[in-house]
Each structure stands twice: as C-alpha cells, then as structure tokens.
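Before any comments, here is the structure.
Going in written order, the chains are labelled A, B, C, D, E and F, and every chain counts its residues from 1.
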Amino acid sequence: MGEWLIGIYVFVLAMLLGFELITRVPPTLHTPLMSGANAISGITLIGALLVAGGEGGGLAAVLGGVAVAMAAINVVGGFLVTDRMLRMFRKD
Amino acid sequence: MQLAVLRERHPEERRVALSPSHVKSLIETGWDVRVESGAGGHAGWSDADYQHAGAKIESDRVALLEEARCVVKVRPPSLGPDGGNEVDGLPEGSILVSFLSPGTPEELPERLAARRISALAMERIPRTTRAQRMDALSSQATAAGYRAVLLAATHLPRFFPMLTTAAGTIRPARVTVLGAGVAGLQAIATARRLGAVVQGYDIRAAAAEQVRSLGATFLEEEEEELPEGAEAEGGYARALEESERDRQLSFLGRHLPKADVIITTAQIPGRAAPVLVTRSMVEAMTPGSVVMDLAGETGGNCELSVAGQVVVHEGVTILAPVDLPSGLAQHTSQMLGTNVSALLALLVHDGELKLDLEDDIIDHVLVTHEGSVRISG
Amino acid sequence: MPEFVLDLVYLASAVLFVFGLKQLGSPVTARRGNALAASAMLLAIVGTLLDRGIVTWEIIATGLVAGTIIGLLLARTVKMTAMPQLVGVFNGFGGGASALVAAAELIRSGPGVDAGAAAGVTAAAGILVGSVSFSGSFIAFGKLQGFVPGRPLTYPLQRTLNLILFLSLLVASGYLVASAEYPIASAMLAGLALLLGILLVLPIGGADMPVVISLLNSYSGLAASAAGFVLGNPLLVLAGALVGAAGLILTRLMCKAMNRSLANVAFGAFGGGETAGALTEEGEKPVRRTSVDEAALLLAYASSVVIVPGYGLAVAQAQHEAKKLVDILRKRGVTVKFAIHPVAGRMPGHMNVLLAEADVPYDLLVDLDDINPEFARTDVVVVVGANDVVNPLAREPSSIIAGMPILDVDRSQNVIVIKRSLSPGFAGIDNPLFYLDRTMMLFSDAADALGGLAREVKEV
Amino acid sequence: MQLAVLRERHPEERRVALSPSHVKSLIETGWDVRVESGAGGHAGWSDADYQHAGAKIESDRVALLEEARCVVKVRPPSLGPDGGNEVDGLPEGSILVSFLSPGTPEELPERLAARRISALAMERIPRTTRAQRMDALSSQATAAGYRAVLLAATHLPRFFPMLTTAAGTIRPARVTVLGAGVAGLQAIATARRLGAVVQGYDIRAAAAEQVRSLGATFLEEEEEELPEGAEAEGGYARALEESERDRQLSFLGRHLPKADVIITTAQIPGRAAPVLVTRSMVEAMTPGSVVMDLAGETGGNCELSVAGQVVVHEGVTILAPVDLPSGLAQHTSQMLGTNVSALLALLVHDGELKLDLEDDIIDHVLVTHEGSVRISG
Amino acid sequence: MPEFVLDLVYLASAVLFVFGLKQLGSPVTARRGNALAASAMLLAIVGTLLDRGIVTWEIIATGLVAGTIIGLLLARTVKMTAMPQLVGVFNGFGGGASALVAAAELIRSGPGVDAGAAAGVTAAAGILVGSVSFSGSFIAFGKLQGFVPGRPLTYPLQRTLNLILFLSLLVASGYLVASAEYPIASAMLAGLALLLGILLVLPIGGADMPVVISLLNSYSGLAASAAGFVLGNPLLVLAGALVGAAGLILTRLMCKAMNRSLANVAFGAFGGGETAGALTEEGEKPVRRTSVDEAALLLAYASSVVIVPGYGLAVAQAQHEAKKLVDILRKRGVTVKFAIHPVAGRMPGHMNVLLAEADVPYDLLVDLDDINPEFARTDVVVVVGANDVVNPLAREPSSIIAGMPILDVDRSQNVIVIKRSLSPGFAGIDNPLFYLDRTMMLFSDAADALGGLAREVKEV
Amino acid sequence: MGEWLIGIYVFVLAMLLGFELITRVPPTLHTPLMSGANAISGITLIGALLVAGGEGGGLAAVLGGVAVAMAAINVVGGFLVTDRMLRMFRKD
C-alpha cells in the first residue's frame, strides 16, 4: 500500500475523529474552542521549520523562514489568547 | 389634619378601614389619627394596639368627628334609624372614604351632598395600573372567592378531594365556577387546592386562558361560542342580549346539574347580576349539592338565592352570604387598609389636604363634591 | 536522535492533540485542554528542532523569535472584546504559513513523495486553501475592526467575476501540477487565491464574521493537512485534519445558534450575499437571542439567581419545571430566589398558588420591596413569562403603566427573558428591557424552556 | 335473616349505617333488609333509594325490629328518656352492630347483656391487615381530619395560603397538628393543600417519617427526645408518665403559641385524652387564632375546650365539635357502610348467621354475648 | 481493476465501518448500523475478490462456501437465550482466522514490509492474540453452554504455571521474530497461546462470561489489526483497531453495569479468581438488579406501563418526579396508569394527596379492582416504594397479611421495583415478588430513581 | 515517513475513534453491540482471501483457506445474529 494512500487514511480518520470530538459544545465555548483549534492548526510550524532549516536553502528556505514567523505568531498568540478567554470561565 | 376611623355598626361587619400599622404610617405622613373605641376589635386589634401606633382613642363619636377633616369606614354610612343615622353625624365639608354601594338606599348620594361631604367611593377605584394599590374591590373579592370555597366545602356532605381508601374510593367533587373575575379565579384556585375537579366559565374570551392558567378546565362546547365583544370597558363584562342569554342558559342547563358545587360570581357594573342558575337547574342537581352565590347583594346569580340566607331546595343548599370578606376580617382589613391608605396619599399635597380633580383616580371615585352629586347610578 | 524517536514524538504529540481538542469542548476541562494542546505543540517543535534534517539555523531562529514576539504582544495587549478579530488574524497567519510551506517544499524538492501528480495536487490544494484563509481572515478582521465597511459589500458583475476567478484557479492549479515551474506557478496560484479570499468575505455582513472566521479556521487546518501531505509528515496531516473537521462542526454549531445554514454563510457570497445581507437590514430593533444551552451555562456558573415569574408561567403551567430547575441550581450551590410582583399574573396571589402547587418553599418567595435592592448584586435574573411587571417604562411618568412599582431586573448583571415572542403583556405596551445589552431573549414556551434549562444545567 | 337499619335519633347525627348500594349487595348475599323510614335522609338517600335497592321500608320501629336477627346503626343505642330508650327496643338475642363508645353511659354493656344481645363494637375493630375494610375508626377519622381543617379555616379571620397582592403580602397561616394518627395525618394533608405552613407532632417515633411523607415538618427539638417506646400495641400510643408529661408540656409551651391554628387529635385507647394545650398556651396565642380539638368527646386535648361548643377565650376560638364525620354524612355513611358490610360478611357462614368466636376479629369486637359482658372498659 | 480503485473501495468500506459502529451504539439506529457494517464488509470482500492479487480460486471458494453455510446455520438455529455463547463461538473463529492469516502471510512472503523486525513483531502479536481469542472463546462458550463447569476452576500452582507459560510465550515470540523458521515458530507460538487462552478463562466464573467474551472480542479485533500490519492492509488495521477499542470500552461498560472492575475480570484469573468467585457464593436469595439505564430502555419501548406508588414514594416526596416520568412516557405514546391500592401509604388517601399535589390527572388513577385484570396485559409495572400492597404472600392463608387484597403485579410481563434495599414494609415481612425472574430491583431512593428514569427515557 | 509508521497512525487514530464512538451505550444494547463489533472484526476475511488466493500456494494457501472458512463463519453468522437480536428492539 502506498504511503500517500495511508496518508489519506490518516486524514479521513482524523476528520471523523474531529467530528466526533466536537459534537455538543455549549455556545459560550464556541469562541475559545475556535481559538484553541486555530492554535493547533499552527502545527504547520513543524513543516515550516523543516523547510526553512532543511538542506538546499535558497528561495525555499526564505519562504520557509517567513512561514516560520507567521506560524509562530499563530501558535504562540493562539494558545495564549485561548487561555486568556478560558480564564474567564473559572467559577468565582 | 384630623382623620377619624369609625367603628362599623352593621351587625355582620367585622372589618375596620385601617389597621394599626397603617395608622402608624399615616401619622408619619402628617395625619392626626383618631380611632373610635373598639373599631378593630373583631379584626383582632385592640384599642391599645391603635394607641401604640400613635392614634388617639375616642369612645364618643361626636367628639371623634368634631374636628375630623376626613372620615374613613368600611360600609356605606347608614341612614336608617337602627344603628343611627351616620350621615348626619359627619362634619360638614369633610371627606368620606368608604364603600358607597352596594346595598344602600338610593338617596345616599344626595344626603351626602346635602352635607357638602366629598365622598370617595372605594368600589369606584378604576382598574388602571396606577390604581392597583387602591383597588379595594380586588382585595375584598380575593377574600370572598377563597372563603366561598371554604363555606361551600363545609356545607357539602361530601369530600372535595379524591380518596382511595380501604372503605372504598371517594370520587373528587366537581366544582363549577361561573364568572372568572377576581373572586371567581380565586375560587377556582382554592377549590383546585382542595382537590376538586374544577371548571371555570365566563363570557369574556380572555377568561378562558386565565382559567386554564390555574390548571382548571374552561367550560365550553365546540359548537357553542362565547358572545362576541363581551369584554367591555375596564375589563368588565357587558350585559347580554336577550338571545345571547337564552343560548347561555340552555348551555349552562346542560352542564351545571353535573356539578357538586356551583360557585357564581358574575357581575355587571351598575346593573343587577345576571341569572345563571335557574330553578330547574337546581332541581336537576343531586341532593346534598351546594350553590354558592356571591352576587347575592346585587340580586344573585341563582334564581333561588336569598341574600344573607341559607336556602335548602330539594336537598340542594343555596347560600348567598353577604359578609364573606368579614369572615377574614383581620386580613381583609389589612388589605383594605392598604387600599385606603394609598388613596389617602393622593389627597395630601405638601402636607395640605387637597382634592385634585385633575387626577383621573379622584375624578373617578369622587361621588359627591361641594354640595352636588357628581356621579350617579 | 534516531529517526524512529522523532516518529514516536510526533505520534505522542498527535495523541495529545486529540485529547487536548476533546477537553477544549467542555467548560470544565477546556483550560486544561488548551494547555495539553500547547504542550503537544511544544513537544513537536522541540522534537523537530533536534531532527537531523535541520541544518541551517539562522532563518529558523529569526523567524521563530520574530513570530513569538509578535504573537505574545498581540495576545497580551488586545482587549477581550476584540477577541474574534484577533483569532482571525492568527488564523490568517497560520493559513499563509501553510501555503508557503507547501510552495516551498515543492520548490525545494519537487514532487518528493511517491505519486507525482498526487503531490502536485496536494501542494496546489495547500497553496489555494492556505492563501484563501490568509486573505479572507484579514478581510474579516478588517470588517470587525471597522477598517473595512461591516455591511455586505456587493459589486457589479459579482457572479461573472467569481466564475472567471474560479476558472483561472483551475488553470493555475493544473499548471502547477503539470509544469515544473514551481515558483512561478505557485506565485500565480497564490495570487489568485488571495484575491478569491478577499472576494469571498467582502460580500458577507459583519454580523456573520465570527462564523466566517470559524470557517476559515477550518480551512487553515485543511491547508496544514495538505502541507503535511507535501512534506510526507503524518503529524501535520492528522492535526490539520482534526482541526479542519472540528472547525467545520463548530461552524455548523455557530450557524445553528444564529439560525443560519452553513451553506448560506459559506457560499452565500457567490450568490451575491443577499441572504446574508438580509440579516443586518434595519427596521426591527435588535434583541440578543439566546439558546437553552447558553442560558443553562450562564445559570450553572452563577452564584446568585433570581427568577421572576409572570402570567406566562401560569399559561404554560410551568411551575413544576421551575421548581425542578431551582432544585438543581440549589444543589449546585447557587442561591436562588423568586421575586414575586404584587400583580404578576391575573389574580391576586396567582404566582403563590402556582408555586405552592409545585411545592416551592415559601421562604424562597421574596416581595418586591425586599428583592429590588438585591438585583444589583444578582448574577442572573430569569424572567419567565413576565412582562409588565418588569417594564422600565413604568418609571416614565408619561407611560400608561406609570406609577406601578416594578421589579428592577434591569439593574442586574444578566437578564434572561423567557417568552414566546416580543408581543406585549396585559398593558399592551412594548418593553425596553428586551432591547438592553444585558438582556438575552429565550423565545420559547416557558415549560419547554425551563425543562430544557433544568436538563442542561444538570449536565454542565 | 332479617337485618334492620335504624334511623339515628341523635339530633346531630346525620349518618346512616348502610347506604342503598350496600343494602343491595347484602340482599344478594341472603339478607332480608328492612330500613327505618328516613334513615338515609340526611346523607342524601331517600326511602325510595333504599326501596329501589331492594329493602323494605318500615316507619314503625316496633314492626321493624320484631323479626330482626341483626340490627345496625351508627351511634350507640341510647338509654335515656329523650330519644327513647333504644336498648329495650332491640329484640332479645339479636346481634347489634354499631359504635358503642365514646359518650355512652357506663352501664350500656350490662344493659345490652341483660337483653342477651350480642353487641359488636365498630370502634373495636383491630388494626390488622385483614380487618382494614372494617376499620370504621379509620374511615371516620379520615373525614374528621379533613373537616377539622375546613372548620378551622372558616373560623380563622386570616387566610391559610400566602398571597402576594397589590394590597400587601399575606403571610401563610401556621398550622400545628398534634397527634399524627389517621385524623391528624389527614388534617396535615388538607391544611397543606390549602397552602398553610404545617407542622405535625406526635409521641410515636414512626409518626415523624409519616408527617414528613406528607411534605410537612415534624415538630421537634434537637435536645428534646420523644419518649421511648411510646408506640404501644396495635400502633396506638401509651399514656405518658408524669415526668414525660411535664417535659412534653414545657416543650409544647415553647412552640404552640406561634401557631395560627392548632388541631389536636391525640387519643389513648380506653383513657381520657391527654391534655396538650393548656390555658396559658391559649392565652399566649394571638387573638383570632383557632384551636380545633378533635378529642372533645374523650375529655379534650385542650384544657379549655367544651365538647360540642365554641368557646372564645381572650380572642382565641376553641372548637371541640363532636359531629365532624356527620358533616360529610354522604361520604362517611358510604365508607361506614363498607366497614359494616365487611363485618357482616364475617357473620354469615353458608347462608347461616353464626358468631365464630375463634375468629380474632369477632373475638375482639364482641362486647356482650349470651347474657354476659365479655369485654369491659 | 486498477490498484487505486481497490484502495478507494477499501477506504469507503473503512468509513462505512465507522458509521456502522457509531449507529450500533444507539437503540434507534442500531439495526441500520448493523446493515451498514455488513454492506461495508460485502464491499470489501467483492473488491478483494476482483483484485489482481488473487490467482487461485478453489481454496477460497471452498472456504467461503463452508464458512457461509456454517455461519448461516448457526445464526438461524440458535435460541435467543444462547446468544452470548454464540457470539463467543463466532468470535473464536474470527480470532483464529486472524492468527492463521498472520502466520500464513509470514510463511508465504516472509517479512514483506519495510521493517523486518517490526513485521515479525506484529505477526507474533497477531498469532498470539488471535489464538488466545480462539481458545478462550471456546472455553467461554463451553462454560455458558454447560460443557465446562461454570464455577471458577482453580488448580494448584496456578501462579507458577502462568509464569512459566508467560516466559515460554516470550521465548517463542522471540524465536519467530529472529529465526526464519516461520512454520515451526508459528505453530509453537500458536500452541502456547491456545493454552494461555484456556488457562485465562477457566478460572473465571460463569456469571462473568459475557464480559470475558466482550474482552476476547476486543482481542480478536486487535488480532485482525495485527494481521493487517503483516499484510500491509490499512483496512484491516483500521477496522480491527476500531473494534478493538470499541470492545474495550464495551467491556468496561459491562463491568460497570455489574459493579466489577475491568482489571478484576481481565487479570483476576492470574490472581486465582477469588474475587470473581465471591460473586457466585450462595447464601442470599438472588435478585435481579437493574440500572436506571436499563429500566429506562424497558419503559421507553413499552406500550403499556402501570405505576404502583407506595409509602416509599411519599417518604421520598417523589411525586413530582413521578409526574414528570409519566408525562414523558405519555408523550412517547406509552399508555400509563397509576394503580392505587386502598391502603398504600400510611393514611387513607395518602397516594391521592401526593399525586394531586403533583397535578397527576385523576383519570390516570385506577382502583385495585379495575387494574388487577389488566396486569396480565401490561408490559412493565413500576413499583415505587410499595411493598406490602404488592406482596403475593397475602394470597397464602397462613400469612399475617392474609386476606388483604393486593395488586397482582406479579402477573405482568416485567416488574421494576424501586426501593432502597430489601428491607420489609409496614407489615415487616419478606416479599417473594422481589425474587421472581420477571422482577428487576432498582435499589435507589424513589426520587432519584424516577428523576433518572425521566432523564434517560427522554434521551432514548 | 515509513509505511509501517503511518500504519501505526491509522491504528492509533482508529482506536481513539472507537473509544469516542462507544461512550454511552444503554445496557440492553451491550450484547447486540458486542455481536456487531465481533462481526466487523471478521474483516480479517479480507486478509484470508488474499493469503488463500495469492500466488505461492502451499502451506500458506491451505492455512489461508482454513482462515477463509473461519472468518466467513464469523462474518456471516455475526451480522445475521446481530440483526436477529436487534429486531427485538423494534417499536411497533
């Protein structure tokens, strides 16, 4: 079986799992959850790191560097801001 | 500003127009309150209680009224010889606050006008939002509706609630309440509390929802429709046309005889109460059943009822008590006191007594003023 | 570090993401979930940095430091009210990064994975979706922040333009897959996609922006997943897909809460945005609608609640449901009282009769005079089928209900009003309470709403 | 087998021992039933109703009793001159089924024995599972408890339920019920239905849970413990020791005066009712309050009560009605009829009348037999 | 058929399995879910048969026909009561097949996938787990069917024997991975694993067998997954893992329903099985306990329900909860009545007072004489805190409650009794009703139980 | 990334998904669900087919043939018997 094909399996399974996980979320959590999910989507930072730091350099590395910066903003800002929102939910 | 609280002379009246706590707050707002000795006795307040609240007790009525600018009492002042003529004792030009109907001679307004008395009729408080605190009809009707059920239950030789016991199952009583105004709704609520199966009936369309909002059923037939536009000004009902009346009676004739208890509260302002329970309906009821007529003083909703008396007709007990609120004298006096106090508050402007005819409430309740009868009928 | 260790690190990180996301979905665990996801991210980053594949450090270091500082600053300084647009900005950056990664990897190593065409396709998808997310997010941000007009922007020939754009995108994608001119093809595709993002979001009204951001968030997850395919990295594929799905579901939930369909928001723009625009039309005064879920959450986390029953409670015969809700709240430690207005209902003592029937203890019933000073200290007031008795117009001397003492519920922190519509009560007049910022309208039969609240509060 | 149903002579008695439907089923089981004319009148059943059920109507009591093997009535047969001496009219050797106490002269059993009458006392039905259908004390106490609350409510010048109205808030009445037996529990349930705040009290430990099972609170103090072993044979209470009594009264003295209504139902079989409400407690109550004493016939639970009369002491109304079940004559007669019929069923074996002394129920209720008094006191 | 078509077929089949399993978890969709899963299987089989990899048909045809016929026969003929053991048998075959596949593939093509050791390890795991599932399932079947004694079988030196077996398995696995003597190594490993399966299940009591079968079911899922690894087939990996996880969760749920811990069942045997044995000890008369969930399901799918209230309802003040449950059931179309015994409670009319307070309509209350003939036609009777009034001993002349008419609830199909314990009622005597086969005891406070039932019924 | 490794991803994801799917099952469904899951685990039939029908023959094919028969029993019997159980749940 091809690597690409199993990638599809991973993709499909992860989608299904994502659907299952987020079934009943109270509306007040919508924004924090959106924000948290957004931070996770910054996982592309890993890819950016590999591209930016990988062999070859040149245009790809520069693009990768920009990607690193952008993804880092997403990750760092995303998790922090989610936490800020969620702190408000604490009882008393 | 002297305010005199009279003791009721009517033998069946147990209420008093102001309670000690009301006296206390009136004094705080500048009144000089004098209370006739024994005024609160039946309602549970001694002269000492009033004294404690700051009032002066006066056992001589002449002395009591001498300086009074305002006189409050419950029943209309009497004119007849028994109990004395109360109108003539009132100081000329003073303000009188009390019920002025029903059950009073027609000439009462003129006689009051003749003494230049400004008479404020408690039963004429308009049903506007602002006047709710003064609405004595509502407060007293609440008590009447509650007490009507208690009395009906004590006269019925059956249980109200359902009971499943080793000695057999008791079916719940069927109570039908005609007229779902203030008293009727309270009667419905009370009868339901006691466990009866309750039906309400009225000609105003809005009443159906209100009856159901108490968990009772509304008496209606699919084919039979309520008369149109039966809700007149102020939420009161209008008198029915001849044909409407006939339809109503034939409708009721089909349903009322099944009831163990009928409580009637139907009134039309300024008119005799409509007859809803006829002789033949009574005769069709099972022996032991009870008809409780709350409209006794305005002619009665039941053909056979006699105001203030207990009639037994073919085994059916027909009551038409006229003193229902008096039976709860302590609480009804308290509520009435709140109503009266709220009205009195309208009369005082900057510490001065003044009848502001521009005020729609005063305009509505002021029956006689400056020697003339403003409102008749 | 041997390769398989990094593989295991990625796997662990993937599993942590799943749990983190799961925990983010419940109020009790949400904060922990966020922390979990953040640590998963850290784990993956550290693992990657230790990987043998990374040889140059300058660019990485610059990018990381710059990004971290900007992210930190933004997250720290922005006001709570500006949260949705901030999330939009972050999301835009994420989407953009994915597009860049897909393009860069393509440029660097060509179709590195087994199936050439497939790699090209995924790369194209990554660039496309990532770029749309990037430009769309910034437009959404602009709308919310007021830089771009909030109303739906339409323009002539919208439909035609969209069609042309669509076809161009197809062509560009095909070019990317077929030719080997990756830099040029990528740039073309990205440019077109950026334009698409702008055109997609512009016609949508400002009120829909949170939904749009959520949808774009889902897109940037998918873009990350696409980048993962290009790189052959299962962690990216997994985490991206996870977020993509979660974002979609979340978008649907948000639409449902707003009574809109997802299709309406996502593709409404192509149709010219009429439906989306209709929402923000003027005419009716705006009220804040709420749902049973949201109201339940508010109640569950309140420390003091006052319930104001009115005639509607009686009509709905909802006294038993009210009792149930109060019992559950009290069991959670919430202080609950009933504020009984003297003329609530249609007969004196109407509320007393009902609540006594449901066996509500008398000491929970508080009179108008005693409760009014307490409203300012009350977290949530629930007005159940009452109207006139909480109408602030009574304070205006000109109103027909002037002079009636009212329950000052408008002085409390949050007001939930349960009634079936905006229709008036006994007095027949409108009620300004319903249009306050602090007021949430729960349009429903009182029995249904209270029953639902009881159920939901129990589950929170 | 002739069975005679007597009309009650006591002026306040409105019940009858058997209803037409019971007569019908008795006839089906072989009895020949004769009913004294007018026996069911007050309970809502005419002579025609009985005739319809198959009974013969007899207006002459001598003729009625001549052939009777068994006689049923409600109250104990009278001995005195007024209302006639009913004992001497009973046929010799016949079976009598009725209540034989309370409120009867001590010599009644001997007089019955002298006429060789086998007297079955309805109040002596044991509280065993098998005897539940015959348990007339329970069925009549149920009615008494219900009606006691209705009467107390009509005598109280206050509302029972809480009412929040434009004319002020009415606080709910506090009702305290002493003695949580059958009547007491029913009183608790009824008062709660009407919206009062109800407390129950008893000396039997099991009563606390039963009171709470009706949603009322049980009156107790942490330090104060119920006397031990207060539940004697058959679920009845025992009389208290001197010291226990003192503690009880001081405890009650602390709590009772707060009540608007006190309903007392405490009984100890074969003894005078315990005094639970003393004069000083009554005097500490607010004017208008009501004490309803259901133990009037056995001496009363309230020091000031007079059986069958209404006493007003310092504004407090004290009632001790003796005819509570009669007030619900139709339903109480129906239940009593079920009880009596069930007992009569024990007397017939294969169509023959026979007193089986081995049967524990008959053994327990048979007061006189074959010329001697079997059970005294 | 080109390879990628089969790949897509497998993918589709995998997704269908997920949905099928999801739907199997809810009573409303379960049957549809089963059909969905079956079609997924069919799809995968047909796809495989069309695959180019298959060249010889005889063996396949023989195997398929034989298996289908046996499966059909078994499924058709077995009695409903023998279901758990039948599932056990099927499961055993499935596990065995997985073990065989793993072994056969290893024998056929050696460590065909990239990492040699890894392939060996997965093959070993497949053989091991599959064989355990095979032999264990048949022992479980035997216990339930009565071929093997149901009581926990213990034997001397159990602990030592287990240890030895464990070590041997390790050695055999190592041999399989390290050597290339696949047939011999596989056979050795399988033999040892079969023994392990037997020894694992023997010491567990018959009452625990359903849990054991569920656990073995999970194992055979994992075995299929392992076979998938050996074959490099993602569908097998996915479906096997799915079932493996679902089986584990299900096992935990079943344990919870029986108040046992999973560890206790799974490893209890190694410890000698004492705890498992304790359950079946004699002494107390056995009652059938039930849970709120199960009772709710019974009620939700009943068409007629009678509720018998007693003194316990009053003590718990559960009248409002009872009303709620009845409302919900009636809304579902269930006919509900209350059977009111003349002396239920502690005063005449006790039940009437309570039910009136909760506003139960009078026409739902039925007298003893009217309801007794109906019990035989009633699906479910719920006895709430009643005891003496439903005690069949009253029919025995010697009993102290002889002569009291009782509610003949023991004549109905199912009886659920809600009370806190087995303690007697007013009369102080035991109640044989509680020990009937048709009676389920729900030990709980009446208010809690009825509240829980209302909630659950609403959700079914 | 290795094929085997992504296999692990598929495995882990499918497990997580399986856990999510079966969270709240009413007890009466326990047995049918177990039975249905068991039928699905007969997926090994696919593997058996491939082994039994694949090139090479010999011992492997024979073992595969036995596996086909056993797995077929599991699949056919499993789905049928599950359906039989579930038919009882139908509300009529």
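Simple rule for what comes next: contacts are C-beta pairs under 8 Å (C-beta built on N, C-alpha and C of every residue); 3 or more make two chains touch, one makes a residue touch a chain.
Being a predicted model, the structure only gives us computed values, none of them experimental.
Shared contact partners of chain B and chain F, listed by label: C, E. In the absence of chain C, chains linked through touching still make up one piece. Traced through touching neighbours, the fewest hops from chain C to chain D number 1. Set against the Cα centre of chain F, the chain with the most distant centre is B.
Of all chains, B has its CA centroid at the greatest distance from the CA centroid of chain E.
Chain pairs B-C and B-E differ in how many C-beta pairs they share in contact, with the greater number at B-C. In summary, the pair chain B and chain D forms a contact in which both copies contribute largely the same residue numbers, shared numbers making up over half of all those used.
As a whole-number value, the distance joining the C-alpha centres of chain C and chain E reads 40 Å. Chain A and chain B have Cα centroids separated by 74 Å. Chain B and chain D have centres, each the mean of its CA atoms, that are 38 Å apart.
Chain C has residues 18, 22, 232-234, 238, 317, 342-343, 348-349, 353, 356-357, 359 in contact with two or more other chains.
Of all residues in chain A, those that touch two or more other chains are 1-3, 6-7, 9-10, 12-14, 16-17, 20-21.
Contact of a single residue of chain D with at least two other chains is seen at positions 132, 138-139, 142, 161, 163, 165-168, 170, 193, 195, 215.
You'll find the chains touch as A-C, A-E, A-F, B-C, B-D, B-E, C-D, C-E, C-F, D-E, E-F. Put simply, chain A touches chain C in their complex at residues 2-4, 7, 10-19, 21-92. Looking at the complex, you find that chain A touches chain E at residues 1-2, 5-6, 8-9, 12-13, 16, 20. Partner chain A is touched in their complex by these residues of chain C: 17-18, 20-22, 24-27, 30-31, 33-35, 37-38, 41, 44-45, 48-49, 51, 53-57, 59-60, 62-64, 66-68, 70-72, 74-76, 78, 80, 83-84, 86-87, 89-91, 93-98, 100-101, 103-105, 107-109, 113-115, 118-119, 183, 210, 213-214, 217, 220-221, 223-225, 227-250, 253-254, 257, 290-291, 293-294, 296-298, 301, 303, 460.
Taken together, the chain C residues at the contact with chain E in this complex read 317, 320, 323-324, 357-359, 455, 458.
Within the complex formed with chain E, the chain D residues making contact are 128-130, 132, 138-139, 142, 182, 185-186, 189, 193, 209-210, 212-215.
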